[in-house]
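Letters A, B and C mark the chains in the order given here, with residues in each chain numbered from 1 onward.
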Amino acid sequence: MLSLSNICVAYDNKPVVNKVSFSIESGEIGCLLGPSGCGKTSILRAIAGFEPVSEGDIHLRGTLVAGADIHAEPERRKVGVVFQDFALFPHLNVGQNIAFGLHGHSALQKSQRVIELLALVGLPDISERFAHSLSGGQQQRVALARALAPRPDLLLLDEPFSSLDAELREELAQDIRRILKHEGTSALLVTHDQHEAFAMADAIGVLKDGQLLQWASAYQLYHRPADKFVAGFIGQGTLLPGTLIDNSMLQTELGLFQLTAPQVTQFAGAKILDVLVRPDDIVHDDSSTNVAMVLSRAFKGAHILYELALNDDPAFRVLCLAPSHHDHELGERIGIRLDLKHLVMFNA
Amino acid sequence: MKRFFKLVALVSCVSVASFANAQELNVYSARKEALIKPLLDKFSASTGISVNLVTGNADALITRLKSEGKYSPADILITTDVGRLYRAKEQGLTQTIDTTSFNNLISQNYIDPQGHWIGFTLRARPLMVAPGRVDKTQLTRMEDLTDPQWRGRICVRSSSNIYNQSMVAAMIEQLGEDKTQTWLNDFVKNFARTPKGGDRDQIKAVVAGQCDIAIANTYYLAGMASDDDEAIRETASKVEVIWPNQQDRGAHVNISGAAIAKYAPNAASAQKLVNFMLQEDSQVWYAKTNHEYPLRQGVAQSAVLTSFGDFKSENIDLSRVGELNRQAVILMDKAGWK
Amino acid sequence: MKKRNWREPWLWAVTVFSLLLAVPVLLIFTSVLVPQYELWHHLFETVLSDYVYHSLLIAFSVGALTLILGTGLAWLVARYEFSGRRTLQWLILLPMAMPAYILAYTYTGMLDVAGPLQTQLRDTFNWTYHDYWFPDVRSLGGAIVMLSLVLYPYVYMLARTAFSEQSASFYEASRSMGVSGFAYFRKVAFPLARPAILTGTALAMMEAFADYGTVQYFGISTFTTGIFRTWNGLGNAIGAAQLAAVLTSFVLVLLLIEKHSRRRLRYFHQGQNQHSAKRLTLSPVQQLWTVLFCLLPVALGFIIPSVQLTFWAIERATSQVDEQFVNLIWNSFYLAASAAFIAVGLAILFAYAKRLRSHWLLNSQVQLASLGYAIPGTVIAIGAMLMLSAADDALNQLTEALFDTSVGLVFSGTLVALLLAYSVRFLAVALHNVEAGLQRIKPSMDDAARAMGLSPFAVLQKVHIPLLRASVLSALLLVFVDVLKELPATLILRPFNFNTLAVRTFELASEERLQDAAVPAVAIVLVGLLPVVLLTRALELSKNEAN
């Protein structure tokens, strides 16, 4: 449905997006994730047609819509956009807003589509009302309905949840995912919040300083981050230094690890490597003889996130997510067991 | 807020004049400043009385006089027509002027019977035509203007102008209402265009060819004929004056004159000004500068006016013209004279 | 709505001032109580239909023309990028410095039957008057064009601000749904800007209703000339006041319509300006047409007449410019500045009263006070004169009773009368601007500041004044320019030995000395230019500040 190859976007001759490539299949929901200023919004705007690309191509439904020589106007791209501030027209009521993009439809067809969409987004009776009388969540749903009304090939969402309350976000994210899947609409979401990304997207791309570091599913990003930045950005964890022995074994405070064959090739010649240790890799086991000292703790409801010092040495820290009835104090030594399924290592 | 009060106080101090000063004279003049100020300066120079001048539309001045009531600082009202003088008197805003010294020097037509106003100079309102396009033998009386041969060939200013109103009022006095109304109805049909502009514009329109006959005051044409600008002098030279009704009642005339305000704080000075204005050299200057006919007998008129020819003027009491002004406007409205 | 505390002194000030400002207008309306059957019978039979027809036609035509012109120009300048845009956007405002009657005199002098252009035409082609057709400047159409040329900047200013404030995401959302260009303008941009545009158009129409100088010079009978005529020719002051009351009613209806349509549109200010919308580029041909379109009104409304006036003025400069002339300039300046400060001071008081203690009684007082904008200066002057002479009467009676002396005229015949008349007439202008600026300061800002421990006065000082500065400045400048150009009220109310540039121009022009009139006319335009230039700067600054 959507494919970008090596696109660069520049403002005032300063590049903000550098050779980014990814693609989204029909019916798939993608996400561009990254801190502010990483270029994700610029990519979105380039796909929509609000910004030109200085290099590379963008294809929509197999057609070239943007490149160094060609720039199709947004009006022609059949791309729907949901804006951060919703941009609902204040002078039109909800029904008129939603019908705004329906051209060449009869009045009857328009009103039917409006009813259909309002039902879809769960706001059946508000067609006569005006944007200013709606709550944030309602406005967002209307914005979504409006963008979906003309049945676009692709839906773009620019930080759609940033102006909403935190509790609403996940619920809405799941709702929107459900709606999109129901309609079979491909979508690309842009956000800085990984929880939204996890709730909504099939594939996520992590961006930093205009470069795409990794494009994969949430699980892949979490468990097989390609890059130290991705590892640090996604989820939580610590990096444990280890010494490489014989090019095939890594010695760490947690024990000895065996490298796989590809990893041996990858890290040939290296001396010190960092191992990514996620909180779910460390299991709290009172019966274990391995103990670590509690440096800090954070109550999370069902779990407590402990920060532990291996061998009482704060230089070697790991995180441990334990069921919250295991209530231990700071300075206590608690038993732990290693349950590491994915060995993720980076150059030090 | 504080600023406001300070400003009011400051402004009031600056503006409030002391009115009962015997060395001052407060003049409300409908005559434009440039046409009267030099004479007032001369007056100040010769009498030592300093003059404060307010110029404006005559009716506005009269309304102001009326509302200022007995605290009005105005001493004397100078107008450019008799209708307003009459109105001022009618509204009880005037007092008597000592006219004894002038009874032999000025025709009684130009002094109010009760002595509430007096004229300074005279002007006439003849026809001005393009000599090549108009057969003068066909146009000897105002009544001739209603002839169909003049359809679309007459330019005259709006009926809201006091000079036209006085002219029609004089007609009512001499011909009666019915005849005047009939005359007006037919006269309006011969207009070349909806009335617009002033008297000079009518003269210019004749020269430009938009019409062939204009009605205007003599001082306008005289002023144009003696203008510094050669183009204007040339325009003036292209029209000729026809004096209407010379075989019967005479041409319409009007005065510029003055009345002394009822509550004038400096009535004596006002009287002095009236005397001054009717002195010979004042008459000469005033008449010459304003291109008007001096009222004082024995004073010569300007050369330009002489070139328009001698004429016989109407012999009516101008106070009647003032009285009939309202009627005149009603008749003009009915005739559709815009 | 906060609880009203009737003991607050500043609220009483509002009541007192608004009553003071309303009295001249009210006095006019009380004239209706005195029946004038004969007069009205006569008017009805003859000229009343003309008055109604012409006044309405002029006002609505001017409204339509200024709406189209002002909105079109504002849209081009706000949305599109073209060479010369930065200069043109303030050039467009220039006709505001030119009073309509000066425009009328100038074009008449240039284009009339006897004027240089037609005379030249006739001489060159050997035509007589009846051989060719030339548009008649001194006609109804001419008056409409003159007034529109001078009044469109009102619509332009307000429309432009409204357009540039519209959030960029509206445009982008619209584009993503396939609506762009003119369709976008029609469906989104214009409706959103409608409150501002309506206000500007209403202002222009009210000015058109109140114009006297132009229609009088062109010989068109409207209500304003009719008022003069009934007052003068028929000697019926009451009747004149009644005509004034009718005229005011027209304007009241206009005001009501405008207010009503704005009420529904209150929520349009909510689009925050996320990132300023990038202007669209135009092809060279399109740019050329745009530049020409922008230049045309300025050329007609300002450049051409200014050039002509300058030529005339230079010819006559030596004879006209003397010490008296310098005095004239000083008087005009001083008067306009004083009036501006008073009007804006009152406007700030009223605007704050409405904002902080909004109440139907208070609001209608303020509304009543700002009606004067629609009333012809002449009529306000008469009302003011009546009011102040009554005050003087009372004052004198008081001093006589208490101190056995009379103080003469303290109010009427002084600058107080003029300043009162100006305040009545121009309060609305100041109020519109100050209110618009105040609207941009959300009540939540007040709450935030108060929560941070600032007293109400400090809130005023630290939060409001910096944010309001641009609006207050533009209010001051607009009133300044308006007073400078004002004619009829000044004519009637000015004190002894006090002449202004406007009066001088009028006197000379009505003596048909157009070339001489050019000298003070040029001075008016020059002095009136300064505020226009400063206004543009202020608008620029406030735009940048908001960003």
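The working rule: a residue touches a chain if its C-beta (ideal position, glycine included) is under 8 Å from a C-beta of that chain, and two chains touch if they have at least 3 such contacts.
Worth saying up front: this structure is predicted, and the values here are computed from it rather than measured.
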Which chain is most central here if centres come from C-alpha coordinates alone?
C
Relative to subunit C, which chain's C-alpha centre is the most remote?
A
How big is the gap, in whole Å, between where the Cα atoms of subunit A centre and where those of subunit C centre?
56
From the mean C-alpha coordinate of subunit B to that of subunit C, what's the distance rounded to whole Å?
35
Starting from the mean Cα coordinates of subunit A and subunit B, work out the distance between those two points in Å.
91
Could you tell me which residues belong to subunit B and also touch two or more other chains?
none
Show me the residue ranges of subunit C that touch subunit B in the complex, using the header's touch definition.
13, 42, 45-47, 50, 108, 112-114, 118-119, 122, 128-130, 136, 138, 217-219, 221, 225, 228-229, 231-235, 237, 338, 341-342, 345-346, 349, 378, 381-382, 385-386, 389, 392-393, 396, 406, 408-410, 412-416, 419, 491-492, 494-499, 507, 510-512, 515
Could you please specify the touching residues of subunit B with respect to subunit C in the complex?
1, 3-4, 7-8, 11-12, 14-17, 19, 26, 32-33, 52-60, 63-64, 67-69, 71-73, 87, 158-160, 162, 165, 193-201, 204-205, 207-210, 220, 229, 235, 325-326, 329-330, 333-334, 336, 338
Any idea which subunit C residues touch subunit A in the complex?
167, 169-170, 172-180, 187-188, 191-192, 194, 265, 267-268, 270-272, 274
Subunit C-touching residues of subunit A, taken from the complex the two chains share:
48-50, 73-75, 77, 79-81, 83-85, 87, 89-91, 100-101, 103, 130-132, 146-147, 150
